[in-house]
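Every chain is named by a letter (A, B, C and D) in the order it is written, and numbering of its residues begins at 1.
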Amino acid sequence: MKTILLTGFEPFGGEHSNPSWEAVRRLDGKHLHDGSRIVVALLPCAFGAALDVLGTKIRLFAPDLVVCVGQAGGRADLTIERVAINVDDAPIPDNAGSQPIDAAIVADGPAAYFSTLPLKSIVQALRAKGIPASVSQTAGTYVCNHVFYGLMHLASSRHAIRHAGFVHIPYLPEQAAAHPGAPSMSLNMMVEGLMLLLEISVSVKLDSHISGGSTH
Amino acid sequence: MKTILLTGFEPFGGEHSNPSWEAVRRLDGKHLHDGSRIVVALLPCAFGAALDVLGTKIRLFAPDLVVCVGQAGGRADLTIERVAINVDDAPIPDNAGSQPIDAAIVADGPAAYFSTLPLKSIVQALRAKGIPASVSQTAGTYVCNHVFYGLMHLASSRHAIRHAGFVHIPYLPEQAAAHPGAPSMSLNMMVEGLMLLLEISVSVKLDSHISGGSTH
Amino acid sequence: MKTILLTGFEPFGGEHSNPSWEAVRRLDGKHLHDGSRIVVALLPCAFGAALDVLGTKIRLFAPDLVVCVGQAGGRADLTIERVAINVDDAPIPDNAGSQPIDAAIVADGPAAYFSTLPLKSIVQALRAKGIPASVSQTAGTYVCNHVFYGLMHLASSRHAIRHAGFVHIPYLPEQAAAHPGAPSMSLNMMVEGLMLLLEISVSVKLDSHISGGSTH
Amino acid sequence: MKTILLTGFEPFGGEHSNPSWEAVRRLDGKHLHDGSRIVVALLPCAFGAALDVLGTKIRLFAPDLVVCVGQAGGRADLTIERVAINVDDAPIPDNAGSQPIDAAIVADGPAAYFSTLPLKSIVQALRAKGIPASVSQTAGTYVCNHVFYGLMHLASSRHAIRHAGFVHIPYLPEQAAAHPGAPSMSLNMMVEGLMLLLEISVSVKLDSHISGGSTH
């Protein structure tokens, strides 16, 4: 039986909740159609510490698929990240008070890693189900990108991990209510969307040949 | 027993559904805490015809409260409109092919009418329930503003209508899935939000003294 | 010889300059093609006081045309305002510390006044000259709308004022440099745009029949 | 004497001009304070062909510094790109009709290259001069990113090129006039900004330690 590790973050930036953990924890113990079992983990919103927890969980569960999820306040849809870059450049301190600037995540690591999720097939399937989604060309330079890069670096040497990637999700409506004009998504839709993303990730052999790019 | 008339629109602008009607029709026949009964009506997205239907329904039901609801694709929250202006200026043709430009809605009518809903109390109550909402200073110059102005003009001479106003609502998620990057709101939250708006509208005597304004 | 009164505002909201005054003062004493002479005035960013100064200047200069200009940080183009509404609802205090909420500007005044500038011809002429411009359906509910409404109220009883209106302009580049991501416009283009707006305002007899509306 | 190669693009996407070439060509033959001489080149907006021209010009001029410039319609400021990624994913066909999807730019090339311009010092200097600027975390996946990646790949093996990078610039006002609501920047400011960027690039030894990152 395959194991899928799904992670969310604790709140940051003055928020009282983090939609990534709210959504992810609802999938704990669930099974996919192929029998794969989902395990979940909560990551601290802190450089270094987040990757320590992720590494421990990966060693513990030996997952076949790892998807990390983070909050992107201001985005309106589920954004499947294409690429993680080897730099920490924090516009605000993390939850441990650290604010690295232009620091490599992995010294001598490659400049970037591409997601190994079938991005286009995921976006296509989500939209077909009426769930707003798109490919994103940047995961930023904060803890989300840090975890995404660290995950892909780990996965590059652990061949048991067949697919790995990162998804950004919008504010929950109750968060957006405190940020007038900010878009949001219901928790139910986030949960449904993540479940579908996992199903597509374990079943699609060849990603769809459709554009998910942008001119800039 | 009081009667509340709630209206939604048919689809326009190439959409296959209109969230205003999807939400409104789910409230047909429902009762508020004070016993008021909701009746609903579908308005055509057409200048003139929409007001004809609205007028007929108002004469038929003799409502105490009338709230018209319309789709505002691109907005992220429930926007409670403050003011209706006496002009039709259509950027696209309506569903009957008409595209009036700078035409008065009511010849010799006043330049504008203010909503008589308790805007601030509504926004306050919605946010307190975790439903994104704000006051809007413009309902545009298309069929929504046309209906809003026509409604307020009617209400100004029918004293049985104690409150009247207009609410714009975002795309449904399945619409936003076809407009990458556009915000949306779940149908459940729209329905819950409209119900709460009606409860506040019939119960609040004096609107909250908080700002809902904008610098421009 | 005709006189044109053009006004700008002092800085507000923490800014060190206000593009409206920077642009307007460069047009002081200039003449239009028809010989009209421009006089300018600086308005305080304060409810009441701004209208006091405007009224004094109008009595002093007896202008044929009055155009008030204000800053709209976040907008990208010259926005020609269509309508002023009879309400002050300040999201932030004005420069005198006043923050009115839902207060009428003129007790028993009409709900709104429409601009008497040829909005569509102005936008058309500006765009033809490569100057970004559009019609705006709301001037907000702060000091700008307050001045716009007060101006139109005055003009409604002073028939010597043949046209009157309000224009919002973007940040200057040096302001936008402190608001990452905010749009701006060069001072030269603002000055050129306002001059063209005045030329069109004094020369056009019948506004262009093109849409400047919005669906919401 | 040092040589600086500055490139711009031909128009694409239905535009009649490209601000990158309009700005770049005005700097042809100019000298920096240290005596460096600027040479310019026009690149076709076409995958492959653009890199062919760039490679030819680099061999011809043997520049010490190469900065490629491209149009980012919708962005409001000069955005200094941080990273180029090894993928072409075109949302629209290029000027030669080609629309690659998820294709590597350099087979077996690294996933990404970081700019070797002093990004933070550049942004700091531009803002200090009142020119809106910021660091961008994505150059997209179209011809701009293609050229940026190809440039950095070339530079990685040509040690004579001491610095190389990419800058996106907004629409010109005359373009924005045809895209209502789109931000723009004057040609003069673009030219001044690029000149300042080059001065900083040749003179700064150690980039400023300030954040230019984003949370997502």
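To be clear about the criterion, a residue touches a chain if its C-beta (ideal position, glycine included) is under 8 Å from a C-beta of that chain, and two chains touch if they have at least 3 such contacts.
Listed by chain with UniProt protein names: A, B, C, D = Pyrrolidone-carboxylate peptidase.
All of these numbers come straight from a predicted model, not from anything done at the bench.
Common neighbours of chain B and chain C under the contact definition above are absent. Where the sister copies chain A and chain B meet, the same residue numbers recur on both sides for over half of the interface positions. Rounded to a whole number, the gap between the C-alpha centres of chain A and chain D is 30 angstrom. In this assembly, the C-alpha centroid of chain B lies 47 Å from the C-alpha centroid of chain D. Rounded to whole angstrom units, the spacing between the C-alpha centres of chain C and chain D is 38. Looking at chain A, one finds that none of its residues touch two or more other chains. Taken pairwise by the contact criterion, the protein chains form one closed cycle in which every chain touches exactly two others. The list of touching chain pairs reads A-B, A-D, B-C, C-D.
By the touch criterion given at the top, residues 76-77, 126-127, 130-134, 172-174, 176-178, 180-186, 188-189 of chain B touch chain A in their complex. By the touch criterion stated above, chain D contacts chain A in their complex at residues 13, 70-75, 82-83, 85, 87-92, 99, 101-102, 110-114, 120, 137-142, 144, 168, 207, 209-216.
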